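Scrolling down, you'll hit the structures one after another.
Each of the two complexes below includes chain A, the first together with chain B, the second together with chain C.
On to the complex of A and B.
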């Protein structure tokens, strides 16, 4: 049972993390190659507060706020640079984050912070909290997607200049997307720190940023349920591929490449196409 | 004295960055793709260099063979991976490229083992004594000389030969170029061949300086080179060369003077972010 609880908790945290990126990249069309940095900010915030004997539930909003502040800064950067330049700037953010953390004594430096105290909820209760937060953010995403704001995001993702001509305050909505997405990543970070009872600079690097972007793209960029399914699957894939242990990263790379090559619109696209086919036949 | 030594280290590192980043710039200028898997070709070049040198004893032969073979592999990457994705949004090609890079790192690890390979008898280990107390390794001198020679040859090729002119014409305006009877498909192949061959040369040189090739040697190159071409202004060759030297020298001095605040990689990206906030189009990019 303990194994299943760990598995489900891992999945829930990944779903929240992937959906948080989906809010920025999927909804608002702003690519980010450095999303793990925001999870890292949340994780370190929570870890340090836990060390200072502050209740776990209070560390969650703190993690969200700090990650959101950093997200606001990166959001301002996104007003200045676009497309490929933004992709590389966000990549820079994650290297900067890791580089700074490595050199700070009070953040544990290279070694990180270990022995984080467990919350008072127990493993099962903690799993419920993770599932609840992931579910709540998924519902919130769906709500936004179907609201007026969702259409504005669509329009910005599609064509920023035209949106501006239509009178949309593009800068404001981009900042909103960044703040919401990065705060949620911060919450995912707080959960991560509690789940593994450990945070280190290598847990929130470039590779992790790519991994979460892969979840969003494999799921189908912008599709809430597609991204959730992909995140749940990909987060436990290394465990499922244990039988090809030596080849599991190769399999991951190959799967991602094949997906881009033959089904770049992700799971959501595949399902949409097969639904269309089914309807066409009947 | 320390300044001069740091400056030289920076120039050596900058030359290597330039060789790697040039191929990326060429690909970006032509196809608007951020070609992360370029770093895998750099690694392949390094492996071939070490393996062939160990088999034949000739570093020169190894360098040439490695460049030609990797050049063809680069063409294959374009044909198999990028050509079908050209009509898709750019991030699709970017993710495909990252996936390809992850997979090839694993292939190097599985085939050649996780600990890497070294030269059995490392070539060019001597020193030049420039003046009292200042040494330059033969290998480092070779890096600088070879980079200058290859970049000069590239410059000559692109301005003074028919093929080179058609290449530049295609980069500037593909439709117009093909209207003038240039086979843009061939230009793309040539582009990948040249860029990949330069990366292979960089791989051989890095293998020489470190006397080691390992599966993960490309990971530093992959993101650092991306930072360099963005810093230079995406697609600008002159900008790329300046940015490569700037990053090389900044890292060399920065690790000594502010290394306690930021590590080497963070330093390069801090510089990148500062420049981009001031000049969003990069150092020499067109607005």
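On to the complex of A and C.
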């Protein structure tokens, strides 16, 4: 049973993390190659607070707020750049994060922070919290997608110059997407720290950023359930197959390439097309 | 007192050493339809971009309904009452025509992101969008995606989307460019009809035949300098205007 609980908890955290990137990249069309940095901020925040004997549940909002503040700063910096340049800027963020964390003694430097105490909820209770938060963010995402905010996000992802000539304050909407997405990543980070009882600089680097981007693209950019399914599946692959764990960047890189080449709209697109075909036949 | 809808005064734009627009002045009063013409390189698009706020002028100012637009970004100028149909059509590709227009109809809902977050109903906007699409003759295409539609449709979509913003002034940047003669004169008729309903319009256009047909007044710019501004027939028969347009071949001016 313990193994299954670990699997489900891992899945739930990855779903939340992937959906948080989906909010920025999928909904608002702003690519990010450095999303793991925000998970890292949340994870370190929670880890340090746990070490100071603060209750676990209080570390979650703190993780969200700190990650969101950093997200706002990065968002401001990113307003001036688009597409490939935005990708490179956000990539810089994650390298900066890892570089800075490595040098800080109070963050454990290269070694990281280990021996984080467990929450009072037990393994099963913690799993329920993770599932609840992932589910809540998925529901929130679906709601936003249906709202006028989602409508505006669609237009910005489509062509932000057109959004502007329709009177839309593109910068404001982008900043909101960044803050929401990075805060949610911070929450995922707090859960991560509690799950593994350890945080280190290598847990939130470029590879993790690419992994989460792979989840979003494989699931179908912008599709809430597609991304959730892809995140659940891809997050447990390394646990189930040693091969995937050993060659993570190769396996995910190949998958990313394959999806972009043959099904750029991801799982969600493949399913939508098959449904259409089936309906056409009947 | 009532202010003119748009007042452009002594606008000068320099790109490095090149003076693209040199002391341009232009006034549009309530209900007017003004054709903005000039040969290639006359600085028409540059002046349009000054009005929409994409380019900051080195000198001069732009007033909309008496309000100085200096320092306002494009989206703020739209909120202040400008609307623009662009020369290069830019539909939102992943949306149907109806969705394209309805988004603009919802300007009140999208003004504040936080109220947009809690607004879900699109019925009123969809209804109004359908009316506007009917107005520009695109009702049948309302649920189609732009990718498959010909240029003539997309030009009309630009106009419908601009109208959806309930503008004080409509800026049209070469709406007829790329259309065949019958499409062009149909769209020109529509522009005339919109103006007849009381909407002030500034029409940048190369199609002189249509401009002379529908615009009571024209503003001519040549090499960045304002050349003439007044009633169409009077201005277009001035020798200096003909000279500018025809490059000296005054014989061709009769037709």
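Here are a few things to note about the model shown:
Rule of thumb we're sticking to: the second predicted complex is superposed on the first by the 270 of 282 C-alpha atoms of A that agree within 3 Å, B and C clash if a C-alpha of one lies under 4 Å from a C-alpha of the other, contacts with A are read in each partner's own complex, and residues count from 1 in each chain.
Operating definition for what follows: contacts are C-beta pairs under 8 Å (C-beta built on N, C-alpha and C of every residue); 3 or more make two chains touch, one makes a residue touch a chain.
All values reported here derive from a predicted model rather than from experimental measurement.
In the superposition on chain A, contact is made by A:146 with chain C only, not with chain B.
By the touch criterion defined above, A:98 reaches chain B but does not reach chain C. Legend: residue contacts after superposition of the two complexes on their common chain; A:249 is shown touching chain B, with no touch to chain C. Between chain B and chain C, the partner in contact with more residues of chain A is B. Of the two partner chains, chain C is the only one touched by A:161; chain B is not.
Of the two partner chains placed by superposition, only chain B is touched by A:89; chain C is not. By the document's definition of touching, neither partner reaches A:263: not chain B, not chain C. In the superposition on chain A, A:170 makes contact with chain C only, while chain B stays out of contact range.
Using the contact criterion defined above for the overlaid structures, shared-chain residue A:62 touches neither chain B nor chain C, since it reaches no partner. When the two complexes are superposed on chain A, none of the residues of chain A touches both chain B and chain C. Across the complex, chain B meets chain A through its residues 28, 32, 34, 81, 84-85, 88-96, 98-107, 110, 223, 226-227, 230, 234, 260-263, 265-270, 272-273, 276-277, 280-282.
Taken together, the chain A residues at the contact with chain B in this complex read 31, 77, 80-85, 87-89, 91-93, 95-96, 98-100, 102-103, 206, 210, 213-214, 217, 246-247, 249-250, 252-254, 256-257, 259-261, 264.
On chain A, the positions that touch chain C within their shared complex are 144, 146-149, 151-152, 154-155, 157-159, 161-170, 172-173, 176.
Note for the complex: chain C touches chain A at residues 52, 73-76, 78-79, 84, 86, 90-95, 99, 103-104, 106-107, 109-111, 113, 116-120, 122, 161, 165.
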